[in-house]
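Here's the structure, in structure tokens; my notes come after.
Chains: A, B, C, D and E, in written order; residue numbering restarts at 1 for each.
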Amino acid sequence: MTLAPSLTGTVNPASARLENVCKFYGEFQALKDVSLVIPPGKVTCLIGPSGSGKSTLLRCINFLEEYDRGGIWIDDRLIGYESVGGRRMGGRALREMRRDIGMVFQQFNLWPHMTALQNVAEGLERVKGIPRARAHEIAAEALAKVGLGDKTGNHPSRLSGGQQQRVAIARAVAMQPRIMLFDEPTSALDPELVGEVLGVMKQLAAEGMTMVVVTHEMGFAAHVADRVVFMERGELVAEGAPAEIFQNPGDRRLAAFLQGYLERNSLEL
Amino acid sequence: DMLEDIKAAGKITTATEMHYAPFDMLENGQYAGFNKELFDEVAKELGVTPEYQDLPWASILPGLEVSKFDFVNAPVTITPERMERYAFTLPISDATVALVQRKGGGLTKPEDIKGKTVGIQKGTAQEKQLEAYSETLGGFTIRGYGSPDEAYADLAAGRLDAVAGSAPNLAYLAKTRPDVFETVQPPFGEPKYFAWVTRKEGSESLIEAMNAALVKIQDDGRLAAMQEKWFGTATALPKEMPAM
Amino acid sequence: MFSFQTIIDNLPVLAASARYTLLISGAGCFLGLIFGALICVAAVSRAPSARAFAGVYVSFFRGVPLLIQLLLAFYLLPLVGVNVPALAAAIFTVGLCAAAYISEILRGALNAIPRGQAEAAMAVGLAPRDIWTRILLPQALKISMPALVNELILLVKASSLVTVVGIVEITRMSQAIASATYRPLEIYLTAAFLYLAINLVIAALGRNLERRLAW
Amino acid sequence: MEFDLFREYGPALLRGLSVTIFCWIVGTACAMGLGFVLALVHRGVSARPLQWILRAYVEFIRGTPFLVQLFVLYYGAPMLGLRLDAMPAGLLGLTIYGSPYFAEIFRAGLNAVPVGQIEAARAMGFAPATILRRIMIPVMLVSALPALVNFSIILTKETVILSMITVPEIMFETQTMMAETFAFAESTLVLALFFWVFVETISRIGRRLERRATHYLLDRS
Amino acid sequence: MTLAPSLTGTVNPASARLENVCKFYGEFQALKDVSLVIPPGKVTCLIGPSGSGKSTLLRCINFLEEYDRGGIWIDDRLIGYESVGGRRMGGRALREMRRDIGMVFQQFNLWPHMTALQNVAEGLERVKGIPRARAHEIAAEALAKVGLGDKTGNHPSRLSGGQQQRVAIARAVAMQPRIMLFDEPTSALDPELVGEVLGVMKQLAAEGMTMVVVTHEMGFAAHVADRVVFMERGELVAEGAPAEIFQNPGDRRLAAFLQGYLERNSLEL
């Protein structure tokens, strides 16, 4: 299931920088002064308990969620606002920035009225302006690579959970973004597929795509990530190379979070 | 027999469309008009109480046919075709066709409408007369309307040069809105009459009794008083069914 | 030209006639919503007979003009020995007719509700009545609220057709007054404002409910 | 019943029929177009004053009877110097009258499109017009089509009111026939039959469109 | 996050038996002659690749999906049909059977117009007839037990993915069914929560509830399951105690499926 170079190509990776990002839902503060540098061409894994704000953070990076304070820069260009605390950015400019940012949603968000193939081809046609026939070719290839060669004609309602997730991944990857945001991209996949999808991601990483991955797969974080970021209750609590985070979890909360993970995941009885 | 039924019930039920001034209209929500006063008198002569009902014209004749009421006390122009289908009383009013124009509209006699546009309520006996008149005059445009109100509105809006209708109606219109409308004298066409109608079956004796009452009311001067009140002038009505 | 005096003089009579408009459209709305929901349930039922019934119902009540339905109720029912009072005939006809439209609106809204919603309810063991009243209809109501308000407003205005069975409501009264005073513009505008007042209340209620149903 | 009548009045009725169908097609298309634009403006513009004007327009037009709107447009507007012929006035009237209803139906439909689907398109850098055309409209139609068909059917009946301003549509011609012949039962029957066929045709087309729009939904049991 | 006995009580566990169950989606056969016995009071884990028919099988057990051939018996009562190959069962009878069968869906299927609390209380009120106040009490307790004590008033749209999944679990568990169907109940949960939810499930198992769990958590399958069933392409390929399945995967496809799982899930580098 490795994607051919024709699909991913070699991209010019983008960097991202977050400074003091705050996000409120009414009274509730989902992000508390998050500052973070996402280096270009590296894999950054975001781990943390449920409800800690991982998805919110990811959604702020492509400005699907409007952050309330602070700033997020993609390659030194502020996203969403004209200046920190200033007016909202124009639609066209935002759109241009988003073309460089791919995203795989936690709930997939496939378009129900399109087949798997159309879901993947749509962006190629409409955003990249690739002619229909060629777009369908690329889409079919991308779907075959995630093991869905025989389901290209199925609508999402006629796909299993894991199949839907793979369509979502193919849809994002086929667009060849410069930075990719994955929100739990393997949650619905079986171990075998997890392995293959992680393989794809490793390959993308190797080709230099910047990646931010929210994941509960500690194994993936440990093996693929260049940096691991641990969040809790909207705060960035720990950050470091996988070795630091997993072998010497200095923070008490991080240690508690990781505890018991290993024992549960062994197949020995 | 309808007369017996009505006498037995002590009341006569009728329907009319209560917006055809000055015959049928609402004054402060109450039924009023020449027609009502005349029918009140006729009912008194018959010794029954009248019951009035407002229905749109579209459901009046169908309602009559399924006996929802006894009588149509709307002013219906007497025509040969209608006489085949319904039973008419003696005339209750003149219905000869006349014209009304915008105030200061420049028509001095009916003949002036040649080449102009005239509005008329569709499907009325007056429409037929107007068509005949158009032929004799050598042509003017006729526009049909669903109700006279719309024709009057279009006259006021300037799309028409005149509206044709029965002389009593138009006289009342000009009297009520003298700032907007004025009649064109004199009426033209053959003399026509309004009367009331009912079903044919079983109505001979009822019609006879009502005709007798109508003649009596005319003879003792009550009719003339009502005509003065509602039309401004009194005119004698035929006491026998006029030949059509 | 424009005579406010005419309006002032006739407003009380017109406003009084509004009670028929209110009565018929109020009762009609009520019947329409209830029957509409029921027809909608039938239309998506798995029983072919229920679906067929809903199909014929909608086809008849949408296909035949309300005016003619009223005439039928008023003039045809007596021929077969059913003599209903005019007001009851009017309310029922108006309500049953609205139900056809409402059922279609709700059916569309149901299409937008994910299948898993009813499945979760079935899995919990909710009875069909509860699935409808607690899970599906509330969501359908939210989705279709603007379209439902449309329908109710149309119903208020359609209540003017009951004049054919001899009920003098706002429209009829205004026609009568217009032809007595020869001031149709003034009178019709007044009537329009009465309708507007009623409909603004409905629209406001609808918006309020729509806001409350936001989740 | 005297069906000989139709030999004499048939041609006029047929003419009326085609006028009705013409008015309906043009009026519905224009009203739907205007309504869609209104719904988009409502969704896309957050400026308070504009929202206010929009609401006022919708509630005002929706809240008053078509008969009165048409009356004012045709008989009242000449007082202000605007004199339209019957047919243009009728079509303009239908457009204005229908637009707020369609606007509300479209608004409801667009609101029912799950946000996630729009977000997915936004995240990929789709232009707003593309999102609208490719994602929102197809998904919106699933819930809105029955209501759209509903109101289009209602408009067939509102075209009857155009008879009031002398547009020679089917009601106008039938009234003529009715007044001249007293053939009430026959006329009513003809009217009912015509509308039933007309409406049935529209709902068939609607159902076909609906089947196409919802083809991806699984049957619900 | 252990559920108090008051919530789960001790249930009278149900058994399930599948015989030659077939399910077609049009031409596509999603289940191929599946026969399986699910013993009462035991935990049966269903594993297998994405699209292999696990969810379909689960949905057939409570007849949300109508199977086309074969039969499924809950405690020796056929579900869905009056007899094998016969007429559909009446609605009331089906409903009664379903009251004994709980289900947690792969896509959660929370009711969006109800708060988390109402989602859980609804079934208690309407199906079990528990008075509103008491039902809310129980629901609040159940939510607190899955760590959502502070989110009871949130609608699903205002919950994170993992929080939604926990509401779905609480909703099913609060009903105290005799047999519970879990479709990937931990897919959206972080490792810490996975541990806790598995704890709850272990407790339920200990209290005797029959459980069928579709899972990609091989660790869970290994530690908690009494039986493990491996499916592939709609077929039941292997079945046995966890020890057999995981330590001696006789079947070639099963072996391939499990391979690489362990290495990926270690945190060693």
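Here is the rule we go by: contacts are C-beta pairs under 8 Å (C-beta built on N, C-alpha and C of every residue); 3 or more make two chains touch, one makes a residue touch a chain.
This one's a predicted model, so the numbers in the text were calculated from it and none came from an experiment.
Engineer: To reach chain C from chain A by way of touching chains, what is the minimum number of steps?
Structural biologist: 2
Engineer: Which chains lie in contact with each of chain B and chain D?
Structural biologist: Common neighbours, chain B/chain D: C.
Engineer: Using each chain's Cα centroid, which is most distant from the centroid of chain D?
Structural biologist: Relative to chain D, the chain with the farthest C-alpha centre is E.
Engineer: Centre-to-centre on C-alpha atoms, which chain is most distant from chain C?
Structural biologist: Between chain C and every other chain, the largest centroid distance is to A.
Engineer: Between chain C and chain E, what is the separation of their C-alpha centroids in Å?
Structural biologist: Distance between chain centres, rounded to whole Å: 45 Å.
Engineer: From the C-alpha centre of chain C to that of chain D, how far is it in Å?
Structural biologist: Here chain C and chain D have centroids separated by 18 Å.
Engineer: With chain centres taken as the means of their Cα atoms, state the distance from chain D to chain E in Å.
Structural biologist: Going by mean C-alpha positions, chain D sits 50 Å from chain E.
Engineer: Just how far, in Å, is the C-alpha centre of chain B from the one of chain A?
Structural biologist: Each chain's C-alpha centroid was found; their separation is 83 Å.
Engineer: On chain A, where are the residues touching two or more other chains?
Structural biologist: 107, 157-158
Engineer: List, in ascending order, every residue of chain C touching at least 2 other chains.
Structural biologist: Answer for chain C, listing residues that touch two or more other chains: 71, 115, 184-185.
Engineer: Which chain D residues reach two or more other chains?
Structural biologist: Answer for chain D, listing residues that touch two or more other chains: 71, 75-76, 79, 142, 188, 217-218, 221.
Engineer: Given which chains touch which, is the overall layout a line, a ring, a star, complete, or other?
Structural biologist: other
Engineer: Who touches whom among the chains?
Structural biologist: A-D, A-E, B-C, B-D, C-D, C-E
Engineer: Taking the touch rule as given, give the residues of chain D at its contact with chain A in the complex, in rising order.
Structural biologist: 114, 116-117, 119-128, 130, 134-135, 138-139, 142, 213, 216-218
Engineer: Which of the residues in chain C come into contact with chain B in the complex?
Structural biologist: That would be residues 13, 16-17, 71, 74-75, 78-79, 163-166, 168, 172-173, 175-185 of chain C.
Engineer: In their complex, what parts of chain D are in touch with chain B?
Structural biologist: Touch residues, chain D against chain B: 71, 74-76, 78-79, 83, 163-166, 172, 175-176, 178-182, 184-185, 188.
Engineer: Report the residues of chain E in contact with chain A in the complex, numbered from low to high.
Structural biologist: Per the stated touch rule, the residues are 25, 47-51, 55-56, 106-107, 147, 151, 158-163, 166, 184, 187-195, 198, 216-220, 222-223, 242-243, 246-247, 256-262, 264-269.
Engineer: Any idea which chain C residues touch chain D in the complex?
Structural biologist: 1, 44, 46, 58-59, 62-66, 68, 71, 101, 104-105, 107-112, 115, 118, 143-147, 149-151, 153-154, 157, 160, 171, 184-185, 188-189, 191-193, 195-196, 198-200, 203
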